[in-house]
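Each of the next two complexes has chain A plus one other chain: chain B in the first, chain C in the second.
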Partner chain A sequence: MTSPSAYGPIGQSGLKALSDIVGPGNCLSQPLELELYSYDSSPFIHHPSAVVIPGDVPQMCQVVALCRRHGWPLTCRGAGTSLSGGAVARRGGVMLSTTRLNRVVEIDLVEETVLVECGLVNLDLQNALAPHGYMFPPDPASQKAATLGGNIAENAGGIKGVKYGITKHHVLGLELILDDGSLVRTGALLQGHEHNGPDLTGIFLASEGTLAVVARALLKITPLPRSFRTVSAVFDDLSRSGQAVSSIIAAGIIPTAMEIMDRRLIAALEDYLHLGFPTDAEAMLLVELDGLGPELDAQMDRIRDLCRKAGAVSLGQAATEAEREKLWLARRSGNGAMGRIKQGVIVQDVTVPIERLPGMLALVQEVARRHDVIIVQMAHAGDGNLHPHLLYAPGDEAEYGRCLDASGEIFAAALKAGGAITGEHGVGLEKVAYMGDQFTEAELGFMAAVKLALDPTGILNPDKVLPQKYQPLAGQECG
Partner chain B sequence: MPGYDEISRCNRCGFCQSVCPTYLHSRDETQVARGRIYLTRLLLEGKYDFTLDAEVSGKVDDCLLCGACTVNCPSSVKTDEIMVSARRDFAANRGLTLFQKLVYRGLLSHSERLERASLLMRIYERTGARNVLYGKILGRALDRLAYYDSFLPRGMSRPARAQLEPVMAPSGSPRLRVGYFLGCASNVFWSQTALTAISYLIHRGVEVHLPPTGCCGEPHRTCGDEAEVRRLAGLNSTLIFRDGFDLIATDCSTCAQALAHYDEFVGADSREAERIRPLLGKVVDLNTLVVEHLGLDADNLRPISHSAATYHDSCHAVRGLGVSEAPRRILGAIPGLELREMDGADSCCGGAGSYGFTHPSMSGRIAAAKAENIAKTGASLVATSCPACALQLGAGLRRAGQAQAVAHPVELLARSAAISMFRQTPEMAQGQDPEMEP
Partner chain C sequence: MIAYPNSQSQASQAFREALAERKQVLPFGLGQSLGQMVEDRHILALSSRDLPAVVSVEPDNLLAVVGAGITVDGLDRALAGTGLYWPVTGPHGRSLGGIMGHGLLGAEAMARGTMCDWILGTTMLTPQGEIVSSGGRTLKNVSGYDLTRMCWRARGSLAMSLSFTVKLVPRPSVCPAMEFKVRSLRAAAGHLEAIIRERLGLQALRLVGDKDGLRLVAWLCGFPELVASQEERLKGMLGEPSDLFEDGFEYFNHSDAIFSEGHGLAKVFAGPRKALLGVAGSLSWIGEYSFVLDLGGGRIAFRDAPGPIEAQAAKAGLAVISGAVFKAVGPLFRRLKASLDPRNSFLVL
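On to the complex of A and B.
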């Protein structure tokens, strides 16, 4: 029986309508093409029924309107680097790729803003801003590939999050395509400076494409720091590196970045980049400061002291800009380098209050032992954001099952410690089952009400973020 | 195919998007390394079939094999090698394409046929047939023909081999004996470059040996024609890997990279592989030969007719052989010549052997972007160390209506050193510039 809430099939006429909007070369529907849009960087694989790659915002609007009219599920996708299954078409339907909307529209150095299209790659924005002496602070490790639309949809953090905050702190206004295809603006993109009505921009941050499609964004830009100091501290115990982080924050120092890498990660990155990392160390902590030179040196001495007190066995410092860049390239490559250890990976991004970090790092190690799985740990330690990488051999169902069990235990522990199940990778498909553990009925009901108001037919990225009973529709597979 | 483990090391992090030329010029996931890897994974898992799915082989053939993804991959997944082995399996199951049969087996496998074909190209070029074709007969309708025509260098000289001798000794006792591997493209399309480079080596006291080698086999390797790779490598191997040579050099970085792996080309387990393995270290690209073994002889250099040059890194030089400093040092040594780096100097030009012919649309887009990057430097000269790149760059520049000349760094060095040619070519006797004009 077909319920009234069923998603409509696309069919040949639907494909024709889509390709009439975006042009035949930009509408893909061959089985092989759909294979290549069936995944992101998470373990989830679901095939869309059609892929469209629009060339401009009006085309995007028409595609969204068409999906609404026919009840086709619509999954928006940037670079497809989601780690939580946010960019896969769980219910089939239309995959809207934003990758060709990749222009920097306008840099305003007086207002210190930049207007960008949603498919612009984060690093391409950084490269466009750098000659003007500016940066866009959010710098997720995937910034080489990830798009700003995706950064906004997931509320991406990054290595510099400790000092500069995450994506939501740098978005001034959005141009959004609502589910009926209409284009609206929010925040500073509206006329007038003083009073723009209620601040609606915020609800779209971390909404993972379930409320509207981001077309363009007005972003706040920040002057590039004048100078940097980067120190690396080696520990023979993982939780001691966490203690160092807690004590640095407690001392009132706000570094730009504090990153922890465990033994296996250090070895994998050394294998990739040959930087002379201590492959026998249990943990390495990278701390970076930015600002003005003289002030930094004093802070750096203090940080080295605190690391020693926490039990650092050796300390190093990046002597040149090239050395510094290599250290960060190493850290950013962490996720991709997991393939050197095991091919399957579930990446978590739980957060805990900073004083709980040492305990949480140790707990994850203990969970790994108990479930007999490899968990590689890295962390944006400065904001209490852990990144346990749970590894499994593809096809080994038993091992994958143990990873899921271990994963559940880590989520529970993070919540118990007063943290959250996701710091920056999003809920996607991966963490939907744990939403009820983090939020109350009333809170989830409130989110569902917002979803229902903005997407009453439930076409926008179905099954993501909200548990099934809070979704507008319980649809069926798209034909 | 490589093992499943090697392929599944790719955890689809997407970093390859930032360097894969076909992705950057399409922004389409069906045109990026991680997608190609994913397809070969589905082949291994049995979801698709080598013998049936032309579409799969098409996607595998779309790869330039530039290797940029591999060096930027946190898990070092060797996409280029995986694509080559997938093509080998396709070829074994379905045979070669008509293009591969005609051009690779038909022409490149037989140097004399390529040389004869080049005579036709020169006649076409010299008689003004081009103008007749486009101006009078075909009008402007045949864009595709104009596209292919753009590859033909203007002012082609006779094949280099016909103008050289098997052994060319310097005056005085030689400081080095070098086996010179004259590649197909250098012989036919870049003959003035080869002549100039060889003349320079002789001038610098090198005894140059020119054994009658044929195609290095790399084009055949890239389309999976393993039998022909072995045959060609077997023929060349005994001629070029000789104890008497101090070094083995070539002006073509594709040939140089192939020669450096000749133990695999001739069959890794063969007796010939065992024989040549200790000699592989003697293979150098021309830039390295000059910089590391001869020295730049900077005192005897004078300005040339250009004041700014930019350098394009060929994939086989920069990623295959790790050569990027030597050509820049050569350019930097020429008085009055400023080296201006272009954006994406080490990004593939889209030439990739015959890619320009099999994938005109993608290749053309990549070439156009290169031409734009070259224009932005304001340089009047593009240096590169590979004749296939030179053909592609020349074509891209010609189509963009740009006037930059394309030359090998050592060719420019020879001009700066104002050496006399080993043999004067008719073109030079007529006072033409011995560099490729676009």
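On to the complex of A and C.
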């Protein structure tokens, strides 16, 4: 590790230099402006010293180079939907907003690829692809706002992960800005003989903006499915819904999505959306298949049978597209609905191997009881990804503390089950203290060498992913 | 000197001893790309061949843990009776570690992506001789940097893969390959584009040219109803097939050999589909040499190819794959190598 030293202050001359690059209207430094960029979707709040909103890639490069030259921390931000504190400026410094780089550069239907700018919103890409009969499969719940740069930085997952995989499975190449402001390409964006070297695209997926800044990405696109079948199964016991998921996977069926919602969430959604959900149910499992009709019907019959055997007390099937949309609207509205219970929320995203899912669901219930906190459970169950939502009243420090304690216990249980502390939300600030529980000293040291290689002065999104002792530079608050 | 450790700790020990003797280490799997390097007394060639081949198979979790020295065929045999498979084909006889290090693609890459997409976790040997793991046993896992993908196509120059946790999927009920005769390269290009635009969800799509003429080969996979529907749509576009292979795996594994024989037998280039088609079409093909254009893997192999092919390929921006010297180009690799392996313990070929 390099010896600790301080990050440089920005000051008026720094603000002018930033403003000269992006234009005065795209460099923000007033307190109220900075307040708007001080938080993301996590509980963490840290104010940047300046916010810049570049209009093109060369401006981004100049901003990054300037930060490196002066030792200013640099945090990239798409839509600020990070649930782990990935998009807050922990050390102050410069926040680079990518929102003006929001173009679909080229859709190529022969190569089945799309070239996008990093600030393009996920849903806007879906809308651009749909008329051509294609989609970009990663569909995080925040897709209405989340940008593709953010999706790449966090390696976002979503509901369709079971069948279609997650962001890293659909990124063919990246255009990246290194810490010195230089622009490099990876993967399918390499030219000719460069293909005879390593493809380092993958190291930047889920690197949370700590290794480089994503400028543009070449993405693989996937044909839209032609038909769907969606079934809902109601259970009087949460872990039985998990058993149904395990048995569906064990039967060799790979649905597009399998989502579990617990009693509290069902009730909150019913209160919020009035969809006619059974508020006395302990759990509801949504299973969706896509493909061709005859193939789907046979699989769906099998799924219904497996749900019954796992203890489903009732089964329903979306008969129309409107009914299907209604079910998924409910699933996607979970976070909003929970705000009706308590306004503060910590969303966890531990993963466990599929066969451990039922036990993990039950364990989270037990953790909630023991710590006297409300934990609402939803899960991308088909890929073993639980989303315990730990609710607290903002300002109630004692309750917040109990939620943190409960989170720690959930992390420990996931690791004991052979899982991971984060499946799709990222380490960010939230889980960085738990990285030592998942990884050995040697593993963290090896990752630290990667960080040191690409960001030796530690300006790129400091304090994220790696614990403090593995950060290249122990900086201090920026002026 | 060659070492064949039979455990991960033995591999680490052999590596550390080599470092103590100031040797560089060349990781390899089964040795297809090893060449003459092993005769250099300053180099230890460290093989993953004898590492435990199958650590565990867990059908309920759709995964298996295997040694880096296992072949795709070996893994397939280990999965017999589970109803599952690892959807990465050949190249035939290569170890998983070799496929990772060389970034080799199978025909199914069109539908299934690369090997990396089917790895959940990796255990590897670092340039310091330590055994570290990345990823894990779940599809979703964003804890820390993805060191597995860092090793893709890096030829063991940053770390040596020791074992993989591979993701499995249900074995498809049917997977035939259909072959259609094509009149000309121009017609073939039109057909290929039309098939892609039809979004049939094929496993692989290939154009073959040799003394028997030009043929399009499509690989279908899935439930019988899906495959029947795909067959009908293909026939609607291309007419009756000239040949039908019941087992597409076998057909594609066999014909993939042309991409593996990189020692002067064939010239292999990679690049975008349109560029590959352009190169094939620009040569006024007359059937004097054979080629296989694999749209899935984004590559084309020419056997007994005439000289102009290289010039055409370069003009089209294609990468030369066969016999190409590993070029650790670019600032990214240079920076990583310097930081991860400052003593240059792993040889860069």
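Please note the rule applied: the second predicted complex is superposed on the first by the 470 of 479 C-alpha atoms of A that agree within 3 Å, B and C clash if a C-alpha of one lies under 4 Å from a C-alpha of the other, contacts with A are read in each partner's own complex, and residues count from 1 in each chain.
The working rule: contacts are C-beta pairs under 8 Å (C-beta built on N, C-alpha and C of every residue); 3 or more make two chains touch, one makes a residue touch a chain.
Because the structure is a prediction, the values reported are computed rather than measured.
Judged by the touch definition given at the top, the superposed model places A:R340 against chain B, while chain C stays out of reach.
In the superposed model, A:Q243 makes contact with neither chain B nor chain C. In the superposition on chain A, A:R100 makes contact with chain B only, while chain C stays out of contact range. Shared-chain residue A:T230: touches no atom of chain B or chain C.
One of chain B and chain C touches more residues of chain A, and that partner is C. Once the two complexes are laid over each other on the shared chain, residue contacts for A:I166 go to chain C alone; chain B is not touched. Of the two partner chains placed by the overlay, only chain B lies in contact with A:I53; chain C stays clear of it.
In the superposed model, A:T75 lies in contact with neither chain B nor chain C. By the touch criterion defined above, A:T457 reaches neither chain B nor chain C. Overlap of the chain B and chain C interfaces on chain A: none, as no residue is touched by both.
Remark: chain A residues 28, 30, 32-33, 35-37, 39-41, 53, 79-81, 97, 99-100, 102, 119, 121, 123, 142, 144-146, 272, 333-340, 343-345, 394 touch chain B in the complex.
Chain A meets chain C in the complex at residues 109-112, 133-134, 154-155, 157, 161-162, 165-166, 168-169, 178, 182, 184, 186, 188, 190-203, 205-207, 211, 220, 223-224, 246, 249-250, 252-254, 291-292, 294-295, 298, 349, 351-355, 380, 383-385, 418-427, 431, 435, 438-440, 442-444, 446-447, 449-454, 465-466. Across the complex, chain A is touched by residues 5, 8-15, 17-18, 27-30, 35, 38-39, 42, 48, 53, 55-56, 59, 73-77 of chain B. Residues of chain C touching chain A in their complex: 58-63, 83-84, 103, 113, 116-117, 126, 128, 130-134, 136-155, 157-159, 169-170, 193, 196-197, 199, 201, 222-223, 225-226, 229, 270-274, 314, 317-321, 324-333, 335-336, 338-340.
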